[in-house]
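Structures for review follow.
Okay, so chain A shows up in both of these, paired with chain B first and chain C after.
What follows is the complex of A and B.
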């Protein structure tokens, strides 16, 4: 049993309202009970309320697994990169430092790396991950591409990310404008990017909705 | 044959020859070798080859090779040796003997692991010297009912078979079996009741070792029951059954979950790498300026990633390599990069709208 092939995870951080529901729900998951694996933090609280929700993107060739000296991180046939195997993990933090998305968490007192495993106890049984189940703004969405197309007609999923010379493709998708020029996400471009401030006219938080309104109007 | 395979085969062969030599020497040219245990001996020799072969292959993976080398370098580094030696002692007790880190993961898992681990250590500590002929017992001249233990052929302590010491020694494997069976029961209980474990477990990786350990312990206990209370009824059959479970476990040792016993020691090397690295300084993130990892770790990871075929080099000289960005900033940059794409799209619409209408309305 694995995650059904037609069910996918879509993340749209621009819709995140920072409500922390995902964080609370995440810690309810049976595969990492009591520990929230999703990251939710302010970009820069002194400037903005913009928040950054990040789950494991489940890379096709996971850097975390490749750099693991103990061979503790396995990618299952359904494309989910699992948390470190408890008997093997030697708590070296290579995965924490190597993950281009900054996802794995080192539980120092347990000498164990834990990470988002897409709530494997749920998704492998046909349920949604906890975070996507409770997210009120659909910043985290788990479903079919057809459902997504109906809900977000002006968005499209991208699963290619550039980090300098390195390109990483992932199982989890990030939503970008459907008609836009960017087919992939260049993360380095955001090195100097400031968080969204008080001015709504430059607010990516609402940019998606605004773009959709403009398209509908034209 | 690939070079790393040849090296691993060579290491495995040498280790097997060394163990074979120790068996011959330790049993005084097989004088004290128990021929009835020859099956166990060959299983141990095979397991030795398999474990050393796999260990050697494992150590040749780029990240493992680096930690192996660095772990020893840091442990033996001048100026850190005394503190490292003290910490080695602390960690051997806290992490290895008492499994402190597993206790922090889960109490039930800890109890199960502690019972399994000490049960297996006790069993191996008794059977390996017996199987190899390193330990044997002889009668004491002029003292009926007394035994003398011989270690590597050298006479050592004596004890009465009727004494408490004698009872404890001759039932050593019974105590080991009780510990292992207790551990297996706790482990199985957790595996059948825990939804999280159920989602991830696999038969070969998680249940087979428990079945094997249970089989070894239970058939071993049956032997004791057989000769103590059943006048040896069915002893030969049970002895063969016990030998099959033990030999299968030994043969399977290099391939399955129990191999983690040998990998776990790498955790000590990692701890010295971390300790020394922290004393020598942290690398600041090139985006936020906060120290996030040891400078040595960052530099080593860049090398390892390159060896593995990853290229996270960044043309922007302020960054140089993506490894110089801390995990928190990586998450923020990911989110900001998506916002930037939407903002670019929006600016495009704004321009289009402005061109059409000659002005730009700000949405409410």
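What follows is the complex of A and C.
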């Protein structure tokens, strides 16, 4: 039994409030109790409360598995890329370095790569993943495309990503505003950009503040 | 002398806080739970449903409860890790008596002896100095049964006027204003009305951190096309993506509401039909807000005039709306006025009492709602009745089988209890579920007053920072060790279920109270054998009152997953949405939707006044305080849960880069914050998500890290809520790391 084909995982960073309920709940999962497999980081806390939750995207052709010299990472027929298999993993960290989404974690003390397996013990038994069940903002959502279309009319799911010349399609979807194409991440693009954060010119707080007041404060 | 018997570090070594992590069977992937107990989270007022996994009388984990309608399985990090409070190394399993020679300053004593000591001290103090010389401080995290019993214990057994509770620090401004405007103190709508609104107005509510589950309701409103307006001095996580953010200067919310009402009147955005039919008092309010032109509103609130006009237009022209507020507008010396200002713009819009048209305060504490209805508040009797009202006294006295004259007169608020200690009017204290040396403002004063007490008895499951001052500590019960009801933020009465037995000599708090009553030889009225019996008496005591629970039973709650009060008869379905045509109302009796004899809601003039302590040259910066998502209130529980401590381990001062640059403070640097009452050295967190004239410190920590060393004990004249949200401070870089850090490092 695998994850039902109509149940999909959707991530909407615009909803995320950074509360870490997902991180705390992930570490309660029976298959990796005590270890959280989810990533939740501030983009730049000095500038914004924006946080980005990242679970394994479960690529159709997983880079982590492709670079694994020990063939320790398996993708099951339902499209879930499983965590490394203990008897095979040699803790070389190839997968950690190769994953374009930065998902696998090397648990040095266990000499084992661990990563999100979409709560396989739960999702293959008809439950939702722990993180998406508890997520208070539902930035992490697990359900059918029909439910999503009804609940999130402003967004569309995207599962194609360009990293330089590599195109990756994933089982997990990012929700993006309707319109707009596939997300492209190319390090060369960044050469012409201002450093992260510095390009944000409108401080939402200062924009809403009375000018007299600003003068007094500065 | 209720001084701390030992050095604080010795007390901490023996009684904590120590941090607990999952280990043993809690980490064992193969551990099968013997049962799953459907209950609720022990922390905030949302009371999310949760299932606790139980094995060998230990809660070993949780499983989401996806059927419970409020949260459908959703939990914040506190809810996820709440189970770690059980089987904790700091858990009190015996009664304690202070002892200089004992390790940590307290010696275990027999439970019976502890009860006798408490009763003897009550007897001694009351016979020497009068009944009112012994006070009771209670809490709003208790079940409604316990809250009811605490009120009954003070009023009937101890016959003292002086009982109050920590809801005084939480919901009282909203409660008082709601009673003035609507005649009833409860969220007007269930949360399911939020996603139906066109506009969601959020004033002074850090929803993402203090009521995280409410986030999904707000985001769902946005998905459905609603505009979100957030009023806050900080860009909180929910403000980050809102449609209009109004960065109000702390303490100026009335000015904003008056300015909005001014523009609603000017532009014809008032629902005149609703106002004429269902309200009274708009004329006087309209005259009052004439002075609140957009220009003056901008000058006072610090919000750009264009943004004020935009907010008024969005609010004024909406078809459906929901206004939410929380402590941000309530924790003020004019908190009641702030809330009245908010209610005025709701009433003027006519958008209340219908689907998708709502208003609510977001109650903070676990049983913030139920805990404020049934008699542990200084002026209150069960059913939301008044201790000063002869009819109300007669009704409750008849349920309790006593003469109305034997009930004491209304007492004073929680902070005034400490002032009475200073004046020698109160000499003994029993507290439960309250940690005032962390949670009350100007807490160095509170500590000194505890030291003046002749006797202090504390009931708790951990030795909280206030209980360190106790003569006797009685080991009470954790949330999961008892059953009962609570009423959550929406007004939904729900059932807490017992998962495990208390350890050792610890026992359910209501048993402890009854044991004291028995030791005093006044057990009549205190012989309940289970919470259900207390609830049944409460149902009768609340009958006919505004907060009528008569029609609610444990079975009904469990069958329907909660029942909204008022619910006056067993056949009654409960009242999810207030103020609907035909809904039960014992005051208006058909004359209108609101809880006054004429059925009309009241507009109230909300007059602006500056904070009690405004900034000046000496103290030029505003301090505002609040919470973080991973900690709860005074932290008695959450500072003992390792993963929550790791998430945000110590308080930091949030400072805008403009201010930080001017003061020479770098991100992460030790920073001294000083007010007229105390000082506190903490690390700076330089973020542009806070107004440049304001700094923020979360208040969950004790001792040297406590923000409440700085805050002011100014109180609202009506609600008596303290002004946690504004006081004046000055900041400077600290020369070195503070002494408390050096000491902790040495240890």
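In the analysis below, the second predicted complex is superposed on the first by the 178 of 218 C-alpha atoms of A that agree within 3 Å, B and C clash if a C-alpha of one lies under 4 Å from a C-alpha of the other, contacts with A are read in each partner's own complex, and residues count from 1 in each chain.
Keep in mind that, in the parts below, contacts are C-beta pairs under 8 Å (C-beta built on N, C-alpha and C of every residue); 3 or more make two chains touch, one makes a residue touch a chain.
What you see is a predicted model; the values in this text were computed from it and never measured.
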>> Touch test for A:17: chain B only (first), chain C only (second), both, or neither?
In response: second
>> Contact-wise, after the overlay, does A:166 reach chain B, chain C, both or neither (first, second, both, neither)?
In response: first
>> For A:88, using the defined touch cut-off, is the partner it touches chain B, chain C, both, or neither? Pick first, second, both or neither.
In response: first
>> Under the stated touch criterion, which partner chain does A:149 make contact with: chain B (first), chain C (second), both, or neither?
In response: neither
> chain B or chain C: which reaches more residues on chain A?
Replying inline: B
> Is A:30 touching the first partner chain B, the second partner chain C, both, or neither of them?
Replying inline: both
> Regarding the shared-chain residue A:101, is it in contact with chain B (first), chain C (second), both, or neither?
Replying inline: first
> Of all the chain A residues, which ones make contact with chain B and with chain C?
Replying inline: 14, 30-31, 33, 50, 204-208, 210-211, 213-214
> Which residues, counting only chain B, touch chain A once they are in their complex?
Replying inline: 58, 61, 63-64, 66-67, 95, 101, 104-105, 109, 194-196, 198-200, 257, 260, 263-264, 266-267, 270, 273-274, 287, 293, 297-298, 301, 304-305, 308, 310-316, 318-319, 321-323, 326-346, 348-349, 353, 362-363
>> Can you tell me which positions in chain C touch chain A when the two form their complex?
In response: 22, 27-29, 61-62, 64, 66, 73-77, 79-81, 208-209, 212-213, 215-216, 219-220, 222-224, 235-241, 244-247, 249, 298-299, 301-305, 307, 629-630, 643-644, 647, 656-659, 662, 667, 685-693
> Where on chain A is chain C touching in the complex?
Replying inline: 14-21, 23-25, 27-28, 30-31, 33-34, 45-51, 128, 130, 133-138, 151-154, 203-214, 216-218
>> Quick check: in the complex, which residue numbers of chain A touch chain B?
In response: 12-14, 29-33, 39, 41, 43, 50, 52-54, 63, 66-71, 82, 86-88, 90-94, 96-103, 109-112, 120-121, 124-125, 161, 163-166, 174-177, 179-182, 185-191, 193, 195-196, 200-202, 204-208, 210-211, 213-215
